[in-house]
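Here come two complexes built around subunit A, the first alongside subunit B, the second alongside subunit C.
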Partner chain A sequence: MNIIVKIVFLICLLASYSVSATIKIVTTTQDLASIANIVGGENVEVKSLTPGTRDPHYAEAKPSMIRKVYRADLLLLIGADIEIGWLPALLRSARNSDVQKGSRGYLDLSSSIDLLGKLKIATDRSMGDVHAKGNPHYWLDPNNGILMSQVIAERLTELDPENKESYRQRQSTFENKLAQKIVEWREKLLPLKGKSVVAYHKSLTYLAEAFDFKIVAEVEPKPGISPSAKHLNKLVNLIKEQNIKLLILEPYYEKRSSELLSKKTGIQIAVLPQSVGAMPEIENYFDLFDGIVSELKIAGNF
Partner chain B sequence: MKTQTITETLTGRSVQLFRLTFVSLGLFTSAQLWASDGNSELAELKEQLKQLNEHQKQLEKKLEEIENAPSKTQPVTQSNTASNSELLKIGLSGLFSSGYSSVDDDALANLQAGGHDPNRNGFNVQNVELSILSTVDPYFDAQANLIFLVDSEGETVVELEEAFFTTRALPAGLQVKGGQYYTEFGRFNPQHPHQWSFVDQPIVISRLFGGDGLRSQGARISWLMPTDWYSEIYFGAQNANGETVTSFLFEEGEDIAGHTLEEIRARNFSDALLSFRWLNGFDLSDNSSLNFGISGLSGPNSSGTNNDTSVYGIDAYFKWQPDYVQRGYPFVSWHTEWLTRRYEAGEAGSLERETLRDTGFFSQVLWGFQTGWELGLRLEKSYSNGEDIFDPFRNDRERISTNLTWRLSEYSKLRLQYNRDWAEHLEEDTADSLILQMEFSLGSHMAHKF
Partner chain C sequence: MADWIILLPAFVMMALMIATHTYLGLHVLARGIIFVDLALAQIAALGVSIAFLFGQESHGYESQGYAFGATLIAAFGFAKLRELPNKTIREVTIGCVYVVATALSIVILSRSSQGMEELKAMFNGNVLWVQWHEIMTVAIAYIVLSLLHVLYHKKFQALSFSTSETTEESIEKPPFIWEFLFFATFALTITLAVNIAGVLLVFAFLIIPAFSASIIVDSFLARLLVGWLMGILGSAIGLWLSLLADLPVGATVVSVLGVLPIIAISFGFIKSRR
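Entry: the complex of A and B
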């Protein structure tokens, strides 16, 4: 008898818990987590599967992620194949039909963004690890951050219509603040306008697009392929010829090649946080661009 | 009589209790409905007016934005065309090697007893694997792996290595898998040759699970437990007969420790190969994780009419990565497994009756010291009770292997491995082998199993 009472009590407790519970959001990166946190506020509980220090393309799928995805109500992903090495297997193991592709709890943000670098011609992998669907590093254009917040707010409203007003307000506050900050960041980076820059990997294209500078070459000869001595020599010539002053890269790339280029040409190296959490002081999406702008200003000496 | 009354009262009370719960739930919901109905019209009008105002403000703001915007801020929905690669993922991986050993091919075949091991002096086509996987519908995922290999006789072998479905939508953390598949025993057994960290499989795996690893036809259910850490339990039943279940109803005429195997069919359903696994995963810190599992198998064997085999194993996997990693490097990983088998051999009551015990372990460390480069070290030992020193599958064996792997990209690798074997049946007691391996993978980007 006692057991039956306990079971019924437990069921009621669980039922009441699920009614009042916050929306559990799991994101593949900390950038998505930051935006979801700002838009969702106290109505959501957000966890990122990967830390900002890691390249999400090579993230390590760990069993602890299975539990996070299993408990989630909403999965936010960058998409455009950036998580292809680990997310499909994770979704198969996580057995949560609410967040499978095609469910309302599955939101691929790349489907709302006009991606750069989409390939219109057929490609093969002799070109390196090319993403045919387009360059997936779009969160590095803060204008895309606005789009991302809109899409996230929309989906949260669908999942939790009761708090519609709260999501709308938080999203518009975020959007207004970001729009203001974009103006401020663009002003600060005005000296960079139209300048040629070298990047390590084809991942900072969106940043260049947002702040009007040009990436004319990459340290990697092809995406995901380590630089050879021959390629580095070519770069030395290019940097000298075009008098390029700035080399930008993410903190997880090897610095030896870049330091070699710097020694031979005097090019300045700026290590840019590429994601929220990439460096300890980068705690949210605003910090991300504050950090990038200040690194660029220091290295560019303006 | 007495018990009957108790049950009656019990049922009576629980019915009452359920009624009470339903009534209170009903009251609760109707109260909510009523409350919302009461002021609904006024509230709705107010809301509409508010929305209209908001909408106007938004439109004004949008207009302003479009005029001042540095670049586009309009969401592009569905503009990125879906490609057909989502519908069917197809991949082909090829694993080739060239190896030379201080012993001849016959001796080497016993040292490298795995079906995908480089077991010939010269060139080996270790494994060519065609994988097709996709989502069937909202309820199932499915996958098939077909393998092609050229054996030591030069014959091409085609096998349906795996073909199975897994469920997507079962409640309560349950998942069913069915078809032909690798038994989830330990960490190594379900891995495919292109996922291995060494060019060959561990000795103890060849001894207990044969050249192809343990796989058969059947079904298993797994439960993702509601613990704070990752914890999953698997129960499975598979057919116990065939050439890929060597410790059980292996093929007639084969020989285990001098016992010739007979043709024995499964007697009933309880003669299936039953498997169990409990796998746990912990994040020790932001940079390191540990998996720990225990596994068990039980089923009939064909060395006598009523003989059984049981196998137990423990496995652990640890991985460390620093804060910043480039393409997954640097890292340090450590993988260890210990397995033991209890095998009832010979007819009950006969003089030949004995219980064979075979045990072994391997422990391997991998150090990804620089982007694309890995250094590996593996130690192994296998031994058995009442061993015959001339039986290459039961005598004492030890092996040290070390290798260097260069992943040129995500899709190709080169690996150079050196093996030093100690085995009592060898003329010189030792053997040295050097193997160069090349792997390519085509097609869909297959997700890596962790």
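Entry: the complex of A and C
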């Protein structure tokens, strides 16, 4: 049985080499897909394994995922353990040696970014959904978007030196546009500067870092654990004491606890797109922050 | 990669499950303790939860050990069930075990978010990710268990098919140790499958092919063969659909299996009219 499988695999492998010269990129999230698409242009073909509407911590096992990884020349992942629940199993099942950990077709973007919230002590599961390697939601700081585009362009150049110049050009166009946009976004969010905000999950830290507001509490008592009545009560007191006006959360979290807090304290809820594709109108990395900024402006009433 | 290659490991795993589960399902149907399998599967999940609490990796051999230990204890309890005089009381007891085991898993895993995800995974399963070496382990275990059941098939048959109240005196029941052995092999079969394929698929494979086949044919062997055929067909169609429409594999297969009893009932209806 195993030998037959291997022979069929080999045949498929040979067939896939002869098909086309474009680099097939598969990404774990749509944010990565968007940046890779912009940097790679017509020289690449990009597919995302998870839709932006879903929490990237979890992914349903679907046959198409194995197919995508099997055919990929380059795998881009967020890393820092965010995909730990599903990517290792998927990589084992897809058996594509080009994109296994350690090969050139495997690019963990988190290794090029200075992650927030790195832990110096060992974690155990009682601490909740804590990432020992650091907070993996770094794409929510647009400054990291620049870093990501640089690393992706570098790796594409390595894999496809012929098109070096076009990767360099598209990356620098992206970088310039993003730098410009960051100034614009920061200006729009000026009223939020230094303000205290409540978040649902520990995932929006990078956003706060990028736009200078403070997340003083989370609706979840521990990352990934739904709030208890006791914890919600504490939050009500905190919100009233510090006169906090804004609660931010991603669309896929339950809203009942947040609505309860809003009812009791009058705090405004802003549902922020956390990823490209989180809402139909968020089509690329620029739309993502345009969307976040406009949601914050509406809820913050400024 | 040819598309069927993606699904081949999942299909082989399901075929192994159908082979053993249909057989066990026929026993369980005859005994009228349908929910014993759901309860056992849930107890296997509870064992994994407890392993998780003690910091074990969810798919490691240690947690498998916890799961098997928990189901073995339950197996002992269920083997004692036959001493209960009343069939309703037996079903009620099994029902209680099921709900409480589920609730305990939730309580244990509530402190850990990854744990809650584990719980969902134990229910849905991820048969698509199954590896060939895992399949080998399951296959070897199932072959050993099958040999045991084939060698001592008279004892096991007597256990299940003489326990109904009417025939109680006519056939001599084998001693308690056989009853325990039956539930222990049952427990091992389920533990191995739940870890890979999830409670949902395990329960579906235990009940649906066996039940559908029982409507159409009468002898044990015929039911087993028809059950296997239906199970394999249903799984193949389910897998193919999941590939075509890109749906989660386990749930799609169970949905397709749901059609089997309907086909069986209409078939039985036609047969009885003739």
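Just so it is clear, the second predicted complex is superposed on the first by the 282 of 302 C-alpha atoms of A that agree within 3 Å, B and C clash if a C-alpha of one lies under 4 Å from a C-alpha of the other, contacts with A are read in each partner's own complex, and residues count from 1 in each chain.
One rule holds in what follows: a contact is a pair of C-beta atoms (placed from the backbone, for glycine too) under 8 Å apart; a residue touches a chain by one contact, two chains touch by 3 or more.
These figures come from a predicted structure and were not determined experimentally.
Trainee: In the superposed model built on subunit A, check whether subunit B and subunit C fit or clash.
Mentor: clash
Trainee: Once the structures are superposed on A, label A:G224 by its partner contacts, choosing first (subunit B), second (subunit C), both or neither.
Mentor: In the superposed model, A:G224 contacts both subunit B and subunit C.
Trainee: Go through the superposed model and pick first if A:I113 touches only subunit B, second if only subunit C, both, or neither.
Mentor: In the superposition, A:I113 contacts subunit B only.
Trainee: Does the superposition put A:K62 against subunit B (first), subunit C (second), both, or neither?
Mentor: Both partners, subunit B and subunit C.
Trainee: Scan A:R54 for contacts with subunit B and subunit C and give back first, second, both or neither.
Mentor: first
Trainee: Compare subunit B and subunit C by how many residues of subunit A each one touches, and report the one with more.
Mentor: B
Trainee: Thinking of the overlay built on chain A, is A:L87 touched by subunit B (first), by subunit C (second), by both, or by neither?
Mentor: In the superposition, A:L87 contacts subunit B only.
Trainee: Under the stated touch criterion, which partner chain does A:Y70 make contact with: subunit B (first), subunit C (second), both, or neither?
Mentor: After superposing on A, A:Y70 lies in contact with both subunit B and subunit C.
Trainee: According to the stated criteria, A:S97 is in contact with first (subunit B), second (subunit C), both, or neither; which is it?
Mentor: Only subunit B; A:S97 stays clear of subunit C.
Trainee: Where does A:G194 make contact in the superposed view: on subunit B (first), on subunit C (second), on both, or on neither?
Mentor: neither
Trainee: Does any part of subunit A touch subunit B in one structure and subunit C in the other, and if so which residues?
Mentor: Shared contact residues on subunit A (touching subunit B in one complex, subunit C in the other): 5, 8, 12, 58, 60-64, 66-67, 70, 85, 89-90, 92-93, 125, 128-129, 224-225.
Trainee: Which bits of subunit C are touching subunit A when the two form their complex?
Mentor: 1-3, 5-9, 52, 55, 110-117, 126-132, 242-243, 246-249
Trainee: Any idea which subunit A residues touch subunit C in the complex?
Mentor: 2, 5, 8-9, 12, 57-58, 60-64, 66-67, 70-71, 85, 89-90, 92-93, 124-126, 128-129, 222-225
Trainee: Using the touch definition up top, name the residues of subunit A that touch subunit B in the complex.
Mentor: Interface residues on subunit A, with respect to subunit B: 1, 4-5, 8, 12, 51, 53-55, 58, 60-64, 66-67, 70, 80-81, 84-90, 92-95, 97, 100-102, 110-115, 118, 125, 128-129, 132-134, 141, 143, 146-147, 150-151, 168, 179, 182-183, 186, 209-210, 224-226, 251-254.
Trainee: Where on subunit B does subunit A make contact in their complex?
Mentor: Touching subunit A: residues 10, 13-14, 17-18, 21, 54, 65, 69-80, 83, 135, 138, 141, 166-170, 173-175, 224, 228-230, 232, 279-283, 286, 289, 291, 319, 321, 323-328, 370-372, 408-411, 445, 447-450 of subunit B.
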